[in-house]
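The data blocks that follow each hold one structure.
The same chain A turns up in both complexes below, where it pairs with chain B and then with chain C.
Let's turn to the complex of A and B:
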């Protein structure tokens, strides 16, 4: 007599860990931040390189002048955070693809996350604790106009 | 008027069809290690065959197996592009050997034939399809309903049918899944075919298991691993817009609406 082969229950999961909606939100963030970054980065490049004296204008005084306005501080801060998280998320996916051994994978993920946090913290400190007129600096290098306004010169 | 067939010499007519020589460069895998090879040895071997303009890669493989080297192993069943048994990597593209005409492949240069990538090779062009079918089983490719079985057919409008028409064409040849760069890297990804199989039921108005399937595809190994490389759409011998189907599943998951 012929018998049908016994089949395993189709819904039996294959050792996979469900992670709620984490992957979904990661995917949505990647797309949203990508679109925002295009605007932020290209405006940044245009303002810095195409207007005024172009690439020759970029020096300490130029940065001091830009960061005198809160708009550019927040602009650069948003760009920093989004670019770092976007890049880290992309690298995380590549690590998940190629690093098969759990130890290697976790080590790389930790290294990635730590470097992301370190760079975001350092960058944020630079943006928000920036001193446009450090005392004892050659006035040639400073944004004289700004420092006079601030009463620092 | 009576139809009359003109009497012709059939042999001379066949002989009149022009033939050409073509070289096939086949990546072989010998699991047993015959003829002094190591067990599991991989090597390229070239075969030269005479072919007609109407011959497909499968015809050339048959000629090799039947006339030159009987040890060459490959899968095929219907030989007409319906069963999906003979997907292989021909000139670095996944295709069905039975649908690919030799004359379309520039026969003046050797044609490379390899097993499809990303699945364990068993012998020559035969791969172990089990990981591929396991992914397909996981998305539960069968009708799921609630309530009592109706006494007649479950009706559906032509518009409702059209929503998943494209993904019903799948013949499970694995050409798409084994063309996917994400599938090559980790082998955990469900692969395009399983998502196509899920799409066929998710967007079927008669089926009620869509959220069970979407939950499976929301997993770490699910649709979010897709990077829209479009390799699957290019590889599909049935012309299914695979990447579009995957995107429709992503959209259902992000919008919460099927």
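Let's turn to the complex of A and C:
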């Protein structure tokens, strides 16, 4: 006859050590990523909004010119990942502070985690599959110098 | 009678805590939108230029100024939080450091706003 396994510790609490460590690493990550993001984002804002024609210079050709250099691809990728995880972690703390009912809290946490993954995957694909010279595009919209250099024009 | 004084309640630190939260939430939602609009470079140059063109209008120009303001406040108050957690000196002077954050904010916005608003309202 089969017997049910004996429950030795039916009221064993969840592993406090693991929970404590998760919060600790979230705390450390928030600070480390914050400092790195200051460098990444302030440079991003300075180049895009302060140099040249500022916001007026931003168009497809401008993005093509920047992403022609691997440095800016990796710069934007790092910024994307760190900012999304930092932002999601911050939103998680706010949700934990205000959403008292477990169902509401868990639903919001899931929504946050899903949007984080979707945005990171989408942004990463866009950065690394970017085509600076799509065929059939009006030449005026392209970075002509770059596309000539690439032999695409 | 006012309640017993605490480290934060009702003073500079509490308001800065509120500023940190609200700017953080605002930046988070902008980030979601910003990745989506940038993703249009993968759709077509026409689609990207049309949507990014909206950022160059006066209304969005002002929203951008607000976004930069939010980022500057969040960034330097973040450094203040790290300092207060890390050094006893900063903990003792956390209230004064709030005013240092506002001082840096004023200086950085004074450097940014004339140039940015010139781009937005001054045409070329």
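The rule we apply is simple: the second predicted complex is superposed on the first by the 134 of 153 C-alpha atoms of A that agree within 3 Å, B and C clash if a C-alpha of one lies under 4 Å from a C-alpha of the other, contacts with A are read in each partner's own complex, and residues count from 1 in each chain.
Everything that follows uses one rule, which is that a residue touches a chain if its C-beta (ideal position, glycine included) is under 8 Å from a C-beta of that chain, and two chains touch if they have at least 3 such contacts.
All of these numbers come straight from a predicted model, not from anything done at the bench.
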item	value
Partner chain(s) touched by A:23 [first = chain B, second = chain C, both, neither]	first
Which of chain B and chain C A:98 touches, first, second, both or neither	first
Per-residue touch tally on chain A - higher for chain B or for chain C	C
Chain B versus chain C as contact partner of A:42, first or second or both or neither	second
First (chain B), second (chain C), both or neither touched by A:65	neither
Touch list for chain A against partner chain B, complex	8, 10-11, 13-14, 16-19, 21, 23-24, 26-28, 93, 96-98, 100
Chain B to chain A touching residues, read off their complex	134, 137-138, 140-142, 182, 185-186, 188, 212, 215, 218-222, 224-225, 250, 253-254
Residues on chain A engaged by chain C in the complex (per definition of touch)	31, 34-35, 37-38, 41-42, 45, 49-50, 53-56, 58-61, 63-64, 80, 83-84, 87-88, 90-91, 94, 115, 119, 122-123, 125-126, 129-131, 134, 137-138, 141-142
Parts of chain C lying in touch with chain A, wherever the complex brings them together	21, 24-25, 27-28, 31-32, 35-36, 38-39, 41-42, 44-46, 48-49, 52-53, 55-56, 61, 64, 68, 71, 75, 78-79, 81-82, 85, 112, 115-116, 118-120, 124
